[in-house]
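Dumping the structure here so I can ask a few things about it.
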Amino acid sequence: MQQKVEGYPLKEYTTKIRQIAKEALENREVTAIIGWRKKDFWWQSPVVFLEDPADVQQLVWDPFTIYSPVKFLLDWQESCAAKVGIFVKGCDSRGINRLLQDKRLERERVAVYGVPCGGKADAEKIRASFPSKEIKSVTLIGEELVLAVGEREERVKAEAYLLDKCLSCRHPNPVVYDKLVWEEVSPRQYADESRFARVQAVESLVTEERFAYWQRQFDRCIRCFACRNTCPACNCRVCIFDQAEPRWLGKANDPADTLNYHIIRAFHVAGRCFECGECERICPAGVPLQELNRKLIKGINDAYGDYEAGLDPTDVPPLGTYRGEDPAGFDES
Amino acid sequence: MKRIGVFICWCGSNIAATVDIDRVIAAAQKMSGVVYTDQNKYTCSEIGQAMIKDAIKEYRLDRVVIGSCSPRMHENTFRKTVESAGLNPYYLEIANIREQCSWVHKDKEAGTAKAISLIRTAVAKAAMNEALFAAEMPVTRRALVIGGGIAGIQAALDIADTGFEVDLVEREPSIGGRMAQLDKTFPTLDCSACILTPKMVDVAQHEKIKLITYAEVDKVEGYLGNFTVTIRSKARSVDLQKCIGCGECIAKCPSKVASEFEEGLVSRRAIYTPFPQAVPNKPAIDRAHCRFFTAGKCKVCQKVCPADAIDYEMADRLLTNQYGAIVVATGFDTHKLNNYGEYAYGKHPDVLTSLEFERLLNASGPTGGKILRPSDGKEPKTVAFIQCVGSRDKAKGNPYCAKICCMYTAKHAILLSEKVPGSKAFVFYIDVRTAGKDYEEFYTRAYEECGASYIKGNVSKVFPDGDKLLVRSVDVLSGALVELSVDMVVLAASVDARADAKELAQKLAVTVNAHKFFTEAHPKLRPVDTQTAGIFLAGMCQGPKDIPETVAQASAAAVKVAAIFSKQSLLGNPTVAEVEPKLCSGDLSCMAVCPYGAISEQVVEERRGREMVPRKIAQVNAALCQGCGACTVACRPGAINLKGFTNQQILAEVDAICL
Amino acid sequence: MKRIAKANLAELLSAMAAEAKLYVPAESDGIVNFVSWQEGLAVELAALNVLVPPKKFFYPQTETVLQYEMGEDLQIEDFACKAGEKAILFAVRPCDVSSFAMMDKVYLEEPPDEAYRRRRENTTVIALGCTEPDEACFCQSFDIDAAKAPGADVLAVDTGEELALVAQTEKGEELISALNGLLSEATSGDENKVKDEQEKIADRYVTSVSLRGIKERLAGMFAADYWERLYKRCIGCGTCTFLCPTCHCFDLQEYAAGNCGERIRCWDACMFADFTQMAGGHNPRPSQKERVRQRFMHKLNYFPQQHGDYACVGCGRCVRKCPVNLDILEVIREAGGGTDGL
Amino acid sequence: MPVTNEGFEPLIVAFCCNWCSYAGADLAGVSRMSYSSNVRIIRVPCSSRVNPSFIIRAFQRGADGVLVAGCHPGDCHYHSGNFFTRRRLTVLKQMMEYLGIEPERFQVRWISGSEGAKFAMVMNSVAEEIKRLGPNRKLRDVR
């Protein structure tokens, strides 16, 4: 299958997005738009909330419009009754389904603008080969990354500079939307192989090596809860970890308590995680959380049949159902 | 701070022998919240309970911990105790220091240490116990009895006689069950039919009893006082309203099938009543063997029926009814003898099972009550009775004793001597068990007055020898090899649970034991109850029994049912799930895992800033909730909690254990 | 001024390790942190900021305050007086060094925090001067000279092949003299080389902000709509506060087990929903808006009011690590107005 | 296999469902089947009541092994509880092993009310395995 990707230069993407936002705001289809804007540095494209059609000029679509805008819908819904428009990539759209399945979102109160996505760039990978301070802009054109570095323009094969999570993305196209912003892209063929590669690598270690590996990872955890707060599957009104009575999780950064946190966090998203990989990407300490989430996905698929979360908001997650003949991961004699 | 009292029971020497009570007491006194401790030889005794009540009053105790036997034993006893002293019964916590400690740990050091730990854990939990109150639920005052044998019949009659409605469901076209197949009953030798038939008629005529024959239980939902049962009424192909029971159809039916009731000794028709005194005495068409249903033409029965009662179109019907309680009386199967080729059963016509022999004895049986050899119709002069065929046989049959064989074989020996003058019975046995009123006397009569010879020994082989049967065995008392040439061999086949007992058990959410007999709630103290409230057991389906035991258990079950129906409403189980609205996200993952449909969505008004806004959250129907707690784990934020087993309590137990 | 060839750094480090517990920046899975040094450990000198700021050595993320046991009489064991083993921090960046001064204002002010004081006293700080700030560095805007680190006991300057070491305090002198065997005297040539290196940095910043009047302006902004706009994308994680070298808020927790118990002190974050959650359920900062406002008000208005300095050293950690790019640069620019640079 | 860690007495927390496994424990008691005194039972109505957080908590507070015991599939007093348990704890067990926790540390078994002997047998085998493994250090609080 021929790899089909975003077909025209970034400027036009951004224009398209601004158009849609402008129209939606002007004809009162929505009272606000959630999208992305550009900030101080080339690698910053944070989420932005707009209500005034004049502000749509802030909106952009570039290799760093990574952060999922979806979870902000929770607060939005609580704070106002009006309808909001939101731009979502493939991964973000599964977050929408996540919230719908968890009955945390009223579909009719959101206008979903689906943005087919050819993958996002990894600033670290770029810094490794270009002086960050001199980079003025980075744009994705076709399969090429075009960088303005100092006075010169650099063109490189995009793939080498994309986020790992994008390289193993199975659903680059939105799975739920009211309007598709431009035509769909075709998923990368090698997405599937790479999906569980890191999990298998860790699985292949012996018990003590696995423990040492994870201990090294979790030792860096600063208990900032960014992974939880970013995750659209972590959408409880009051997280169990924030409760004082009973206190499920100690506040001390004790290694065992950190393990407790990561085990229970992963368990709570088991069968619900839709692999956006944001927990791992935004972790300040670089803890490979996706390896943990994917391990559970792999385990559930193997034992209870393939299941991909965030595709159909009407089905029941694997841990909410059972079959009499289910296999068990323990001695059933 | 709670004021906890700790009471340690010696249970005579059961606990005191392996647990150093004084050290446990000393340790308990140091536990936080404990303001009073005491010990007693038998805490469950009057004195023991009085001691607790007095202490509660005198020391203003607000929580009580008792170190004693399993809570499954005396939790209710002691809950009543603390309640009578003015405390909520759920302020009680029991530490199981007998079954879990003194009885299983011989070493006193280890036992004492563990006992202290168990007490500490109970204290930690008790400190968090809250007052619980049961929800009221209505009772449907109509009972379902499953199985129309003597057990079901007795249970149905006794319940109906207390004035409550009963539906009696029987799988066969007629009620009567195994007892109807019998000739006489031990030890009194009164005629089985003579005592059973009137009861069958009573059932048919009782205004409170609705008889549903040729039907099976399809689905059971609900709980004590509120079961919803779907019954599959199989297509009888005969309209019971129209049928006058004249029997014309049976007489004219061209297709013959081996008669189940006659144990296959003779045949019946495709349209049939199982036996002459059947209730209802109206036939059913056995479609598997009916010429019309198999070959597509015939309809003779329809032609001859004067009442136009034959209905080939009739289909299975599903009846769904409400019941407050259920009595299971599904009886037993006789053990299949496939594993006992050495006895030539099935190979030689004159080798019979006891039940077949029973039919030969029966006046309404195939031989009109004469004992005749199937092979040549001659009277057998010598008959060998082989005991425990498939019983007490770990290798090839059932490990358990079928219980009735010794007695009915004595009966057979006696009847043989009466019906065939000059005949002789030889009984090969492992042991003769005659526990029961007048049983030993009955057995004595068999060998003293009726000349039966009892030979202690297993029969190794039976083989044809001309028109005789050669029985080879060893008399283990004399050690002598025994070889007997007899005219007939009767095998005391063991009894099995019904082949489909497990399926029914799963429909009813009750358990069966390794041999598929239904398990009682307690082997001694609750032999009629099942684990599931409102479902009771009667007769062989619970384990081998003779008729008097079966009838006694049936009446007992009836009283249990009547006791439930004597109330307008029932108090539910107070340890139910409850939702903390502040924590509930309303994703209802709890709902997906609730087996009782006890969780639903509700809208609550919540203050946000100045205004009140509606929000959807989960709610629990306390009457439906059975308190399994599956929802509490499905709920990620821990918003749904289980009273009596709260997250706080269990975490406190964990912490205390790990101290 | 002393000097040592970088090639001989390992010897220097093991000599220091002999003097006291030695902590150095080292890389693991792409993340640089201060870790306890042992033979063979590769020291990371190129990295600018380590992930978790060195404030943790004086004010650990988690520390035991006391332990108790209830019996006939209550036994209490105080841990503060046990704190502070002799330690050396090697290669602390100047921005982090100046954060210590800020933490001191909080914890050494009367009455001083005993554990903190002891740790401070017993730790020798060796700063590593910067030469190449990255785009997220803006310490200059807080008048911090990243080439020098006046607050450090010893200043190390990377001159390429060598490290130049300058003792700046008595503690520093002691350490240097203890290491003297390994160090050679710096020539005037070296001194000039160091000067050159130190001068280079000034014009290598690409980012700076003007703090002119920010404190005053914020004073009038408590009720401003600005916060309404700003907070919306904050996800309420603790990244900024835990990685901030000047954030110093903590929580006290009791761990009771039967008759024994422990009181611990651990970092807390004003971004967390339960930070101001009261026992009765009331929360004076009910939404993320109040929390975000609090954090920046504290850094740029309340703290300066109380202590004279801004509670920020421009280390840029929040700029680099905030998952939603909500950082103090943005607030200073938008609220303060000054947007030179870039 | 010889037991190492002589003298080490592990602490094993067993969550037992009231209807089957706790009854099995009672039966073991009634039948005087002695088994390892290292086991401490917490009574829960159903194995589906056992929250993974309870299990981790036990390890944190110093348990050397944790066992969850429930009715055999199909025999659950509450129809389906143990079917959910099976999925949940399979997932949890896979994860813990993936994180480098020895499989024996955390076990799940089905023990019916009539299996007193099996209860005793399981308690002994679990105790043996944990003795062999030695103390739980990986999941234990430093405190």
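For reference, chains read A, B, C and D in written order, and residue numbers begin at 1 within each chain.
Definition applied: a residue touches a chain if its C-beta (ideal position, glycine included) is under 8 Å from a C-beta of that chain, and two chains touch if they have at least 3 such contacts.
This structure is a prediction, so every number in the text was calculated from the model and none was measured.
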Quick check: more C-beta contact pairs at A-B or at A-D? A-D
What is the identifier of the chain with the smallest separation between its Cα mean and the overall Cα mean? D
Give, as an integer number of Å, the spacing between the C-alpha centres of subunit B and subunit A. 56
In whole angstrom, the CA-centroid distance of subunit A from subunit D equals 37
In whole angstrom, what separates the CA-based centres of subunit B and subunit C? 73
Centre-to-centre distance between subunit D and subunit C (centres being mean Cα positions), rounded to whole Å: 46
Subunit D touches at least 2 other chains through residues 52-53, 57, 61, 74, 80, 84, 88, 143
Set of subunit C residues in contact with two or more other chains: 255, 257, 264
On subunit A, where are the residues touching two or more other chains? 240, 248, 250, 252, 254, 319
Looking at the complex, which residues from subunit B come into contact with subunit A? 582-589, 592-593, 608, 616, 634, 636-639, 647-648, 651
Parts of subunit C lying in touch with subunit A, wherever the complex brings them together: 28-31, 33, 51-52, 61-62, 134-136, 206-207, 229, 232-233, 235-239, 242-243, 251, 253, 255, 264, 266-269, 272-274, 277, 288, 319, 321, 323-326, 329-330, 342
Flag every residue of subunit B that touches subunit C in the complex, lowest number first. 30-32, 120, 655-656, 659
Note: in the complex, subunit A contacts subunit D through residues 202-203, 207-215, 240, 248, 250, 252, 254-257, 259-260, 263-264, 266-267, 270-271, 292, 295-296, 299-300, 303-304, 318-319, 322-324, 326-332
Which positions of subunit C touch subunit B when the two form their complex? 70-71, 257-259
